[in-house]
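Report on the structure given below.
The letters A, B, C and D name the chains in turn, as written, and every chain counts its residues from 1.
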């Protein structure tokens, strides 16, 4: 156990250090990918272990892996790997276009590894304080990457990202302190009262008032990173202006990780208060995010910005699902987490190449992709169909469960969901259709796109729509029971 | 003796902290803003040390030392260099005029105290009543960040919010476990370094560190 | 049985995937894959034919969600629609193998893939036995048909049509999804078994019914959700429009029947009134708009709306009788409904394919530039005549039989226990009669302008008749139309299992032997197409022979007389607009008419008139505007000022804190 | 079906086919008398037919086979219709083959083909006539159907012979609904048989003609068949009207003595009906073609009203 855990966390950390030291060489990208692959291997081993002998903890309980976070670990490691594979040719082209300096590449690679490390730390740590530290670190590692291009827009985006998330995360720290405060009275001072496992054991006796106030701070804090409306403002800017691989991992992974933290606290809070206080808040914010994001979509001109808003929408949907709770809804939420990060990162890969080919991120400048490059065109089309909840892709599976449960349990929410999903479908599909079909606007560019990641992701999403492997299913079920 | 006067002293320091928060809220000049921030750090250090000596918890001394090092010496020094390099010593005009800001601040303080009151009753610590003040200073720094339009004051607000959090930790629960304290401190340090880098980049792009220039990205 | 059906669907998918082997080869797709697809279609029809009288057979596939594997079940209802699918698919595929040429936008292999996936997904919709499997198949159907519609995506209007189609289809799908949600009502059991077992409270049942009506109606094209239909059908390649109109709309009907008659074991008579009203509205609307169209495929699309309306009316009547517990009459109405589904599938696909041949021969869709094609392409013309007579509801072909049954069902309504409904029924019957008569009008316009008269365009002289593959397809569909018209008792007997399943009664018992159809009892009403046709043919032959015998068969060719007008040109014939004029005048309020008439002193007089669909202005544009306004509203949130953003989170924090207190 | 029935059926059919022109002639004669012109003579239609059969056929160059087949088709359909309508006796074999709805369908079929034939040559008048004919049709047809529905609602059957038996051979009842139906039926049959006020069989005035315009291109034997079919149509409608509204003296089940008795009754009724028709044509004026929809719409509404009245008062 300890070994895999060590490898899992050490590999990206070492990777960050190494890449920072070697600097921008020809093989830096390969090294980056290599470390990512190693990390994924470690994650796979860890997953195997957890499947074999259940929840595990290591380093006197500082680290803890149960069915809830292990699948996120696997997902994170996997998407990090594929993204590194994608970023190899992509960033090389960016470099050759002179949009990035050598120093920038060095920063990019090492920060990429560190970012992976922080996310894995958030997921695996059992210590809520460390969780906060790692979350803040995740912001710090990505903020420079968002500003990688040093353009006006990217600097502005990075600045907003930094300030908003920094402030938000500070609230989360206050919340954490309050939780510690509540725990300390039962478990006594010391590290023990910050360990989630211990808290979960005694969650019923935690002081309700404190926990409710604490959860408010935590919601505002981590919710900012999840991108819940009205705390979402940093998200579209950061996604649109950063390099595409970073947009992919931000919306594919970081949001999930932040939501994961929120869920951990939700479990504690609802345990402390008898009434579903946290669940109610999550439902409300989730629904608000879905509705507002859907209406943002139709006016977008920048393609990455549009898909950033769609990420907000989907995070809202997931949050709503967890807020509803119950075996089906939580199951659906977890499934949606998985398929959303896979699909959305795949879309960002395709979008990145499309933007590179046409030399612009503005959708009016991108036309007739299937003519220019059928693989990119169909990749984008299918990815969009998937993210819009078209079967047989996995997103549909989760949306199916969420909606059917919603109308049965929260009928009032059903019309809102119906309208929002309809509006977002109308907005996104019209724009993507115009980009994919029709007469092309750009000539073929020489370079070959790296589309293996795209179609790998889409294939997985397709699989999840038609057939969920039993162990994965058990795993979701256990996690869903954990969330309640 | 100390056992008797200590808590009162802590409360006094807490009051000073709140006072400083208000002072920062009302302060127009960047330089004195930074000095106030340093003073806040100092008070925080004193409070932490005091609590440490009252409760005799070793790791609190560590965090006190950390505070002294980071908040009183390092960060103010960095900020001073920063504004010298960026030469932005001029006055900061606020988006909201000072008296209004003050009134809002007072409302915030009331809210914070109301929130903290029930919690403080539960607290087993000698310094229970200071939790409200900590929360208030956090909110006040937040307010300050909202009302300042220049980048540097926003940074200062951000850091002083961190101070408030530290104080909350110290006051409410005699400080977080050591590893967390260290982590937080590290984060704050890295954050302020990155902020510095940023300010320079922004400066060289926009020839100004006024965040009003950072309003291009929006929906039309 | 069910395994066979699933295997057939699988075979279709496999054929589609074969298309990707040689994506750019027309010969491979056209000469190998499509004929094979047709063979599978025949197979499917055969399987379904057996399954119709067989016990329902079910199968659980190891796919789908963990707690919800794909359940498939083949009962009489599914089998009936499956037979419909197979029969039509056979004809259309044979036609398609000759039809699809190089001039489409997408490579043929891709079109072939989408085409066969479309067929397979429709088959799966029909055999699905749990909500998830159903929805997956349903949306796959929508997606594949969307790609088929936009297969020639170089034209902006085709893309627009496809977009409108997929949008309405998706919103409909969401509402179907919510309907299933209401049907399982939180038990988490999504299988149809579970839903059957569940006894919903009245409110939930009604909610489910309304959602189902809206969702499936969006696919079926009932008013006011019909706007995609006249856009998508002309845009699609003709075999695809044939399949969509003939089969895909029927899957929507199937869904309605499945949910309402099977899953909702909760007969409420006024649901029937709703369905009846909506159906008749759609029928009249559709046929009135068909009468004023100038594009032959749009005309057929609107007539599809009409036929779906009639089907829905029959369905409503079924619900009405069922709600009042009149089993036999419900069986009669249901028989009429299903029979009309079958008929419409065949004659509408026949007509769409005929228009496809015309389109290929002349590359012209507008009625204003066609005419006289009966001389150039006799085969297409004569087979189209069969379809035309059938769709106009004239004896002895199949269209008449179903309308006859429907009217019979109406005739027996007035002993309902509900007074208002009794008042409503004569009006409804009148509406049906009017629709039927109007469809005769429309079809005379369609056939007369496309195939008869003088060519309105010089280019038509080069028009060629359809190729052998296309002829075969047309012949098959035409033959089925005739057979369905001449042997109704066979069909009625085949429908008996379904009516017994859902109403407890069958009407073929009284069907008066092999010669007569007598749904209730012979002295109430009877009809014998065979005798009818036999005597009519006899009389015609006798007349002809007598004339030949007593007089002579001489004929001389000369110019048309036309009251002695010397200069006769093709432009003196009625245009499509001209022929539609009376309907436009009589039903003026239904249209949104714009246009200008020339003043007597115009140098170059120009006449323009467009009759638009009011629903655009009543429903769709307002909705779009509303969405626009909402967008403008939320945009305020993202104004770019960081202090404001901070304020949002600050305010959120304070508000939450305040409410926690 | 027994042999006697078949024979009766055959008699009825031949009678209709042979008597139809006579009825036309009779109507024309009555009209001439009322206009106090000198009448052309009762057998004039037969002479016309004979003449036309003698003449050779002149076909337009682009007349299709459909054009040549149409007259026989139409004639066949109307002859069949004549056989279906119980004019002499009920319960004949063909009554079971087609009920009221099928009868309407049959008439529609005939209209359909004659209209297509009108469009086939592609002349201005042909299409004009076809369009107007169909315009008349799409309003007259449902009206006729509604009239028959009223009758079949009363007799709980849509089979014509059952209707007639129910109306004629039960104890006498006054049906208010049948009054409405009768008016509607009269209006419909005026329109359907191209009579004043909707059309005028006597003129070839371009702007107003309907039926004549449609068959303008026909000549020789084709025209003869068309004319014969037209008079058959008049005969069928008359018999239908008589069977519905004056269902007396119609034999049952095709028994010979009954038929022998029924024949003079029928002739008498036809004579009266023809005279009445001529009278109506005399007193009313030809209306503009665009008034026709209103006229027929009224008929349609009256027919629907008849059903409602039935449901209301007699249901």
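Definition applied: a residue touches a chain if its C-beta (ideal position, glycine included) is under 8 Å from a C-beta of that chain, and two chains touch if they have at least 3 such contacts.
Predicted model only: the values in this text are computed from it and were never measured.
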{"item": "Far-end chain from subunit A, centres as C-alpha averages", "value": "D"}
{"item": "Computed distance of Cα centres, subunit D from subunit B, in Å", "value": "101"}
{"item": "Distance between chain centroids, defined by C-alpha means - subunit B, subunit C (Å)", "value": "70"}
{"item": "Mean-CA-position distance for subunit B and subunit A (Å)", "value": "31"}
{"item": "Chain centre separation in whole Å, for subunit D relative to subunit C (CA means)", "value": "35"}
{"item": "Where subunit C touches two or more other chains at once, by residue number", "value": "635, 637-638, 642, 646, 653, 657, 660"}
{"item": "Residue numbers of subunit D (touch at least two other chains)", "value": "none"}
{"item": "Residue list for subunit B, restricted to those that touch at least two other chains", "value": "115, 142, 145, 154, 211, 214-217, 219-220"}
{"item": "Which chain pairs touch, all of them", "value": "A-B, A-C, B-C, C-D"}
{"item": "Contact footprint of subunit C on subunit D as seen in their complex", "value": "53-54, 56-62, 64, 66, 68, 72-73, 75-77, 79-80, 83, 94, 96-99, 101-102, 105-106, 108-109, 111-112, 115-116, 119-128, 130-132, 134-135, 137-139, 141-142, 145-146, 149, 152-153, 156-159, 162, 204, 206, 216-217, 220-221, 225, 290, 293, 297, 300, 303-304, 307-308, 311-312, 315"}
{"item": "Subunit B partner contacts - residues on subunit A that touch it in the complex", "value": "127, 129-130, 132-133, 136-137, 140, 143-144, 147, 150-153, 155-160, 162-163, 166-167, 170-171, 173-174, 177-178, 180-181, 184-185, 189-191, 194, 207, 209-210, 213, 236-237, 240-241, 296, 299"}
{"item": "Contact footprint of subunit D on subunit C as seen in their complex", "value": "371-372, 374-375, 385, 389, 392-395, 400, 404, 407-408, 411, 414-415, 422-423, 425-427, 429-430, 433-434, 436-438, 440-441, 443-445, 447-449, 452-454, 516, 522-528, 531-532, 535-537, 539-540, 543-544, 547, 550-552, 554-563, 565, 568, 570, 572-574, 578-579, 581-583, 585-586"}
{"item": "In the complex with subunit A, residue positions of subunit C that touch it", "value": "62-67, 131-132, 135-136, 138-140, 142-143, 150, 153-154, 156, 159, 162-163, 166-167, 170-171, 174-175, 177-178, 180-182, 184-186, 188, 190, 627-628, 630-631, 633-635, 637-638, 642, 645-646, 648-649, 652-653, 656-657, 660"}
{"item": "Residue ranges of subunit C in contact with subunit B within the complex", "value": "635, 637-643, 646-647, 650, 653-654, 657-658, 660-661"}
